[in-house]
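The two complexes that follow have chain A in common; it is paired with chain B in the first and with chain C in the second.
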Partner chain A sequence: MGDTEVGTGVRAELRAYIEEAFLYLHPDVQLRDDDQFLELGVIDSLGFVELVEEVQTRYGVAVDALEITEANFGSLDALVAFVERRRPS
Partner chain B sequence: MSTLDADLRRAAAAMSGKEALIAGERRMTYAQLDAAASALAARLRALGVERGDRVAVLLPNGVEAAVAIYGTLRAGAAFVPLNPTIKADKLAYVLNDCAAVAVVTDDALAPLAEEARAQAPSVQAVVHAHGDVDPEIGAPPPPPISVDLAAIVYTSGSTGRPKGVTLTHANMTFAAGAIVDYLGMRAHDRVLCVIPLSFDYGLYQLLMCVRTGATLVLERGFAFPGRVMELLAEEEITGLPGVPTIFQVLASAGAHGVAHDLPELRFITNTAAALAPATIRALCDAFPQARLYSMYGLTECKRVSWLPPEQLEVRPESVGIPIPGTEAWIEDDAGARLPAGEVGELVVRGAHVMQGYWNDAEATAQRLRPGRWPWERELRTGDLFRADGDGFLYFVGRRDDILKSRGEKVAPREVEAVLHAAGGVRTAAVVGAPDRLLGQAIVAYVVPHGDAELTAAALLRYCAAHLEDYMVPARIELRDALPTTPNGKVDRRALAEQAAAT
Partner chain C sequence: MCGIAGIVRADAAEPVAEPALRRMAAALRHRGPDGWGMARAAGAGLVSTRLAIFDVPGGWQPMRGPRGTLLVYNGEVYNHPELRAELGGAFATTSDTEVVHRLLERDGLDALARLNGQFAFAWWEPHARRLTLVRDRFGVRPLHWAGLPGGGIAFASEAKALFASGEASAAPDLAGIDEVFTTWGARAPRTAFAGVAQLPPGGLLVWEDGAIAAQRTWWAPGYDPADGAPTPDDLSALLADAVRLRLRADVPVGTYLSGGLDSSLIAALAQRASDHELRTFSVAFHDARYDERAFQQQVAQALGTRHHVVEVGPREIADGFRAVVAHAETPLIRTAPIPLYLLAQATRAHGITVVATGEGADELFWGYDLFKETALRELHARDPARAETLLDALYPYLDVPAERRGPAWKRFFFEAGASDDPLFSHQPRIAATGIVRAFYRPEVQRVLDGMNGEDPLARLRAELPPAFARWSALERAAYLELTTLLAPNLLSSQGDRVAMAHGVEGRFPFLDHRVFMHSVALPPERKLGPRLREKAELRALAQRLLPRAVVERPKQPYRAPAVVPFFGDHAPGWVAERLEARALEQVGIFDPQRVEGLLRRCRAGKATGFREGMALVGILSTQVWHERFCARAGAAGPDWPAERSEPRVRLDATDGIASQ
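This part shows the complex of A and B:
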């Protein structure tokens, strides 16, 4: 299934980015794919702004402020689904 | 009766079934808030809290924080609102400084409170906002009166140690009333607060809503602007307080042409840092139905000035005129009032001026000086201002080296002290760099000891473990040496220029 392959790539890329940009400040945290970034305290309000900018530049996805919700950006699972749904094919 | 406790009693008596608070799935009427405050007050008294004691409130935005604040006041004690991202060492410092006897917190933050409590012998109890009341508890104490201490709000000081701003009920009800007055707030208002209640700007949204019988919708921060836009529509919000960091993002919703139809939104307020003219235009375009208020203040008197919205087009850079019932003017170093156009220190008088810093007569004497009357003291803001010919005020700069990041005060020395404690650090200097979102980004320059193997990432980790979130540097740069002034001190101006250039 091609979609899964893409999913794995995006997931690995986004995980690597989140680890590099945010998780290094929280060495104790083992991030699971469905963990809520905010609840876990690994990404705060401004962190989400960075995350959104990264998604826009890396995947060429235009993100409106209204789309910055928990359902789209709250966890790694949410993020991967959002990028796959929205990135130009 | 001018007390915060009386404000809640009045709202509960006049409109008991009206919604006071909404936070996530939780909704609370004024009668329920009043009852919960009484119950917590009884529990605090059972734990030994007496009139005049200090009770720390360590909670994120939610109904529990409101119950903790009003429950503490009903017990006759003063509340000390604390940022929930505070770390154990600083929490212990604050608890010791104000000799807090109790901490009201939740499950998630209780371990932090207990860790700090081990270093703070004054603390007799760590409690939740809700709990069972001992039926044996005796009659409640007499309610607080207007001259009683209501709160100690800690703020960053240039020495690097936080200072406790002491405020009486009279101070806080006066300031809340003056702001309610110029915003024209009424019981039918519905305010959305994404600002932490630990920050006085957030705290006053609660105090103002309770004073007017309005409804406060509490959200934990601003991580999801889409959620904020949904709440504005779903909850028919009439008032939205924010800081530039928030409005930068919200204004872009308008730029994308997808601003919700929000007929109820009546006022937007900004403080803590000036809005860029482009953001003002974008906000006015995105929310044409709302009046935008530019304001200026400091914790030491809550609010100094407000710009009537109709002046926004005439004087977009002004922070306006003194709040109702107060005076503010500009002085030179000798204390002479300056004419229009000249830059000097802004001085403030009025019933909103704090009583002083807790336990710190020296710092108090620097900020408060004898006033017009024997009983009065005036506040020296430490900020440089000028006024135009019509008396409108313009912020020029700060006299001390305090930074403003995300709208919150950050003392470079406090961040430097943490960096020095990290080990392997010979010198650390912290400066601000202009930043579109943050206002000022915190930038740290660090010179390691010769043999120390330091990395910027490890230092950032250390900062994140020891500082509130908003104080953690945006970046840390390692250097072999720092520029110095002719008399051998670190040249902060040169560093700030370097930080701004990168």
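This part shows the complex of A and C:
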């Protein structure tokens, strides 16, 4: 599987997860891949916890406390990049 | 234990009609199934419904005192024999009501400090045209009131009697509802109803000749040295006395047994003090995650009590939900009150009308994990590594399973609020509960945003006592637990309302004010001990009285399933009806599109977290609550049923001459 395919698969999965778990509370939002979740208000602080735990469970990625940053988890683009970087090959 | 209600007019010449009083009595008969009474005076009417506990054949209300004042009284003053002896003279009854009444007629409001118990009452002094409403220290007993057009006032144990009177109508108070979805209960004077207030715990209100003359608290919890009272004896003697006083009744007394330390301790002390076989009552859950029956049985066997168990599963929770909302008179955040409603029903069916419980111990002796979490969050600022290690050993009350408490959870937890924020201890709970508010319709949120100073947290901060700043983080947490959770939620929706629904009176030895003062005077480490061991003082006492396994077991928060009862084949039809878009539009508080998203997740079994559980219970209970009360707002009081039976007491002083 090439990088692009991985990216597309992860992106689609994470988008589906975020839409299903969080965006139902924000029916007016059309989430772009680079939208910042916290800035846009679509995920609150505890939602952020759920998101991080979901990424860990779904992709078998161990996340260190210092990695929990907006740079890694703050948007769909950031998430996909983080998972691609960290997912066990 | 009883229900009380009444109407007082600004104009003494304007009568209070008997049918209105009969409707108020009917609305409160569940609180007083043994009979009712009524008094009418010039421009005033009082009613009482009675659950007979002291002086069963006598002791009917309203009572008229030697000085001509009238009293309707709900509750128990446990030290009434001692007060009676001190008062001296002849008494017509052996009830505590008469003792309280005599004391009021002699000492006025100075009498309050002498009362050890749980009570709410209304005292009418006809010559001054003065009505005094009083509520006990911790707010065990409820008391609501509404100002009437023209300057009069109506009051009642439960708001439904105000609506039944025809003097007040039920409409949502968005600010009150918002408070439920912020700190888990509307805090007095606020209620979920517009125009209906409740007396605060330890509060009193004086209405005189058409206007409110005073509104203040006569007691409030505090943590300064002067607020504590170290007792010469250890807690053992004090708590034994608090239990002994609470076994006083002319009917048999039982205890609830959760399987935890507090109720087990009360049962052990009650068994020692009781001269008959103690009856204990427990909730058991089909779902093993919530079930504590093994510990309950262990305690019951060790103490030799006659034990009764009520089994609760999803179906029972769904079936009891609407009745509980009707009794609680507020939207709920959890289903935990329903099993206690069913427990009271079973208790009554076994012929027991008075139960002692362990309520209050976690607030006084810092038993909740919230206290440990507060200590850890404080520690984190100084020693993050140690705080994080200790956090792993906790079972957080927020019901997040261990596998979901990874680094992100820790980060949220340790960063939720600055340590100099007065609400520091409660910020994680407030943040978690905020999900319910995310379901508001945008226009509801706009209305709330526009209410200057009505924001629940702004109001809470503004009303903190000046001494609050002097207290430790854990003392502040305890104060906030007492004032935001205990009275507005645990003693109400989960306490008085669900027990009195079946005419069962709960008694709480830990909420004896002397026990509170003892707890304040204790060194902090006797409450939350080293290595975060909770309730050290109670544990030491329990070691002498209870099986070791019960004393040593980790604390388990009392919870009940939130989502499962309302979905699947067994779910009652009204659930889907109340949650459909049209019903949501009619009530106008929650956004149908957002709610539908939640329902999809519930149906798919994906809403497994505690937050979505709170959201579902919050939304569904609001819908049920609105249908039960506010949808009838257009209906005048006469549509409510009236008490048809003859009153056991009828005092009529409308012509200036009282007759009985």
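Keep this in mind: the second predicted complex is superposed on the first by the 88 of 89 C-alpha atoms of A that agree within 3 Å, B and C clash if a C-alpha of one lies under 4 Å from a C-alpha of the other, contacts with A are read in each partner's own complex, and residues count from 1 in each chain.
The rule is simple: a contact is a pair of C-beta atoms (placed from the backbone, for glycine too) under 8 Å apart; a residue touches a chain by one contact, two chains touch by 3 or more.
On a predicted model such as this, the values are computed, not experimentally measured, just so you know.
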**Message:** Output check: A:Asp44 vs chain B and chain C. Expected answer is one of first, second, both, neither. What do you get?
**Reply:** both
**Prompt:** So, A:Glu13: does it touch chain B (first), chain C (second), both, or neither?
**Reply:** neither
**Prompt:** After superposition on the shared chain, which partner residues are touched by A:Gln56: those of chain B (first), chain C (second), both, or neither?
**Reply:** second
**Request:** Check whether A:Pro27 is in contact with chain B, with chain C, with both or with neither, and answer first, second, both or neither.
**Result:** both
**Request:** Report for A:Glu70: first if it touches chain B alone, second if chain C alone, otherwise both or neither.
**Result:** first
**Message:** Contacts for A:Asp35 in the overlay, against chain B (first) and chain C (second): which applies, first, second, both or neither?
**Reply:** neither
**Request:** Would you please give the residues of chain A that touch chain B in one complex and also touch chain C in the other complex?
**Result:** 24-25, 27, 44-46, 48-49, 64-65, 67-68
**Request:** Going by the contact rule at the top, pick out the chain A residues touching chain C in the complex.
**Result:** 20-21, 23-25, 27, 44-46, 48-53, 56-57, 63-65, 67-68
**Fill in**
Per the touch rule, the chain B residues reaching chain A in their complex are 220-227, 229-230, 245, 249-250, 252-253, 256, 258, 260, 406, 437-438, 457, 460-461, 464, 469, 472
**Asked** Which chain A residues qualify as touching chain B in the complex?
**Response** 24-27, 38, 43-49, 64-70, 72-74
**Fill in**
Given the complex, residues on chain C that touch chain A span 403-404, 406-412, 415-416, 431-432, 434-435, 438-439, 591, 593-594, 596-598, 600-601, 606, 609, 611
